[in-house]
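Two complexes are shown next, each including subunit A; its partner changes from subunit B in the first to subunit C in the second.
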Partner chain A sequence: MALHPTFMIGYYTFKGGLRDRLVQSLLLTGLFFLLSTLVFSSFSMRQPLEVAINYSLATVQILTILVTLFLGLNLLSREIESRAGYLVMGQPISRTVYLLGKFCGLCLLSLLVVSFLGLCAAGGLLLVKLGLKDTPAIAWGNFFVAHIGIWMISLLLGAVTLLFTALATSAVLPFLMTIGVWFIGQSTQAVKNYLEAGLGEQQMPRFLNWLVTGSFYCFPNLSLFDFKTYAIYGLALPPLAVGYAMAYGTIYTMILLVLATTLFQHRDMT
Partner chain B sequence: MKRLLLGLGLAGLLAWLIALHSNLGGKTMAPLRFPTYPPALALEMMALGNKELASTLIFYNAQFYFGEKYAWRKEEPEYQRLFAGLDKATDLDPRNMDCYYFAQGLFSDIKPAIPVLNRLLKKGLESRPTDWYLPFFLSANYYFQLKDPVTAAHYLQKAAALNPDNALFASLSARMLYQGNQTEAAVLYLRAFIKETNNPSVQKLLLKRLYALEAIHYLEQAVATFTTQHNRPPRTLAELIHAGIIKKIPADPYGGTFEFDATGRVVTTSKLAEAWKDHDKRDHNQQAQ
Partner chain C sequence: MTSAITTSRLSKSYKKGVRRQQVAALANLDIEVQQGEVFGFIGSNGAGKSTTIKILMGLIKPTDGQAWLFGQQASAPAARARVGYLSEHPHFYDFLTPVELLRLLGAMRQMPQQDIRQQTEKLLGLVSLSEAADRKIRGFSKGMVQRLGIAAALLDDPDLLILDEPMSGLDPLGRHLVATIIRDLQQQGKTIFFSTHIIPDIETLCDRVGILVRGQQKYVGSIQEALYPAGNRFEITVRMPEQWRPEQGILAPHHLLWHKESLYKFEIAETDISSIAQGVIASNGSIVTLEPKRRSLEELFLDLSGHSEPTTERTLASPAP
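Then we have the complex of A and B:
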């Protein structure tokens, strides 16, 4: 049975991503960082295991996002800029299928990256735990959910890259703009909490207050996908928060994909 | 060949420079200052979703700074900046136990720092309600530095509830309450604690303290009755027997004798402590020799 063209494009995007030297070197760097968990956690006075989990998850998150950003740059933006994608679009497939196929490939690649780094992190944690006495048990379920959260962030940022790629004519611009969205998306919740607590009213002009509130609703709230605290301290995960984050992430990503495909459909490629 | 000679020459020069650096001691080193971190909100924004890691990094920086400044350079650390750093680190991750542990070790001997240190520890207690270390630290600060045995007892009771197998916490907190003229509260607390604990050795230890405190409370009530009846406090405990308020003076389970101290308070020569009693006895024997 022949695969749907979307999945075919996804498959070839995935294969292309695996050959990407930058991705390979980032994964190697990640492996090195995760092995360094042993050294990093040894400086802790009272909570070496918690520090090890903290360090591993932060490494996985930063590297997964970096890989997604560079993959977005190399596999989407550069391909469209260099007109290599025209070869595929010359086939009897719609631009929507082409863009969705690219996104599927990106999803698979980031899933592979997050799984690979997650397994390395788990190995590092087991090594740390072996060398410690009377340590609390690692909340593996929470550790897994924290990785799903990281994957969701990378999917959302992948969709953001796709949207900017559909808009921009330069390859670097979507890359830089996605970094901007990443920065804003990670901060909006903290700034909103600060304002709602009444701490910023005196220092902040009113228009800045509106700007922050507007950003909170326009930009993706990436802190919703942060389950690292639950994994680090073995706290009970609220199922509602996980469910809400997943629903929010899925709907936001779908909106971005609809926007991206619509814009790409009407884009003048000549 | 020329390149090899040049390389060897440069390597020799570098080795000489390294040796020179060691001989110069601290003369080539820049002054070591602990950084002033931006507000916690800015730090959180810069951490890009990794505020727990940022908190750990600030703690590591504080730890390394203190080690180099105090132990290696033998200079006075910038305690206020260190505290501000640890405060921001715990704003980023209020569960970061390393910060509280380090702060307690660093500031518990500096009396003017105790109020802010206690504020920091209370922040930790809110986020780590099951950790007995934090109420234990607070109790020590209130007892030894702020001379407030009642508040100290309150926090030690929390520590005891979180670590019920450690009989010392419950026993000590009852003693603190007694020192803060709260004997009845001490008795009630110990009764409740003994009822809840399943550990027989803990029960045994605490029962001894309970009997001693019950005896003191019994005598305190008798003194109050005597004072009401005679419009003056008794001069000795024997007066309570002569007045018919009590039949006999109860025995101190720690082996001491009940008496009045200079302020007219019921105390015992055992000071409610086995080890202290033995210590006193040893001292007495040594003096006699």
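Then we have the complex of A and C:
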């Protein structure tokens, strides 16, 4: 069976990720954290199950994103800096295939990570629930959607790393810039809401207003993917919000990929 | 038949430093490598050899001019379909084993599984890596990585090999191996383009050479012509009796290159050979060697670079033949 080179590169990227020491240890640390948060939250006075869901989702999110960031650093940026990519680029394949292959591998890895951590979290939650009396049922559907949201964030950040890697010549720069995008992306919505609410009373300098509005549209709005509250309290998920987030994430990621591959075409691999 | 490699006014300048100063790494390179030829690409450090090779492999874009492989634009991925490449500092996915690496490369070249397996076994044997076939590349020595790079370049039985310093990092056995591989491939009608600064390799392996000096192409042609310049000068080594002095007799007007005990080496003109031979025999001496004067590649380099010093000093400083 002859796989398309894109998937071959994806597959070997995936393999590289699995053999990455840093990632392995991050996953182990994640498991440890997950277990300890679950244990501690079950001692919580009020709503122990809600607290447990909240903590475990937050842990899964942080770890999935961290692992994705490090994978992006080690498997994308480092590879291009270390010239290991020459070997692949010396083959009769285009750079677009190379970059998309790398991205495919990254998608697969973060899917694996989020599923692994999610399953561990689910197992832990079941245990917590067993030890408690009179707790409401866990909204597993919402729990699942919350993980999809986490995966979307990591895909989007993976594409951000790809874009910065296509531009920069050092490996650490894309990594740091992606972390920057992650932080900004998580707060754009909050800052915008805050400014809009406060505008009536205090006069904002106009340029600041522009800056916030501009960055709101430029940087990814990561709070769109946050479905944790629905999972914690078992609220009904608004299909429109979920659909909008998925569409937004997909389109944003695709734009990043197109930009990254276009820029990468014109780059000197020295 | 289309040429294996053609470049036309190929130029590359890099922007350097904060002030983005342009540095010309390569200027107006025009070479044409025929199919079946072994072409040596020579130049000192920083001459622009790797720059040229990276342009040929589509890794960097020329600032001016064009390059073709088998008539196809070098920047097009399809141009690399018949090419095997060894980079200057081969660097592989170190989490893979040689077998896995070659499988990945073969798959990217759309080779059938069976061919990949056969070639892998054959090539790892050829470069003496069979023992390490299933070990992670992470633990390989420099020479082992270089050997693996050679195997990787040969994987798809390419018609053109572009090798950037194939001998670097190899032990004498490895060098001999590479030389043998290059000769074998030439026998099979393959084209080989390689850069090097190791002089014996060039003389024994190359049909033609291109010499690059600070990005400028200074010479393209036969290596013999480059080393035996016109002028018909010869070098004669004679063994003379103890009391003999070079200042006396027939050899006095000639240039003494070197002398040790009773051996003397002179540079002479072709027309003087017979009279000198007679004179030497008349003085009870004997002729040890007589050979056409040839420039060493180092000299050729220095001449082309415009660093030429008086010939005497350099020749006297060079060790005995």
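The rule is simple: the second predicted complex is superposed on the first by the 262 of 270 C-alpha atoms of A that agree within 3 Å, B and C clash if a C-alpha of one lies under 4 Å from a C-alpha of the other, contacts with A are read in each partner's own complex, and residues count from 1 in each chain.
The definition used in the following text is that contacts are C-beta pairs under 8 Å (C-beta built on N, C-alpha and C of every residue); 3 or more make two chains touch, one makes a residue touch a chain.
For clarity, every value in this text was computed on a predicted model and none was experimentally measured.
Superposition of the two structures on subunit A shows subunit C fitting alongside subunit B with no clash. By the touch criterion defined above, A:Arg46 lies against subunit B but remains apart from subunit C after alignment on the C-alpha atoms of chain A. Of the two partner chains placed around the shared chain by superposition, subunit C is the only one that A:Asp20 touches, whereas subunit B remains out of contact.
In the superposed model, A:Val191 makes contact with subunit B only, not with subunit C.
Shared-chain residue A:Tyr12: touches subunit C; no touch with subunit B.
Between the C-alpha centres of subunit B and subunit C, as viewed from that of subunit A, the superposed structures give an angle of 160°, to the nearest 10. Minimum Cα separation between subunit B and subunit C in the superposed model: 33 Å.
The contact surfaces that subunit B and subunit C form on subunit A in the two complexes do not overlap at any residue. Subunit B makes touch with subunit A in their complex at residues 41, 44-45, 48-50, 52-53, 56, 60, 63, 93, 95-98, 101-102, 133. If you check the complex, the residues on subunit A that touch subunit B are 43-47, 50-51, 54-55, 58, 61-62, 153, 182-183, 186-187, 190-191, 194, 222-223, 226, 228-229, 232-233.
Those residues of subunit C lying in contact with subunit A across their complex are 14, 54, 57-61, 77-81, 83, 85, 87, 89-96, 100, 104-105, 107-110, 152.
Contacts from subunit A toward subunit C in the complex involve residues 2-3, 5, 8-9, 12, 15-16, 19-20, 79, 82-84, 86-94, 97, 266, 268-270.
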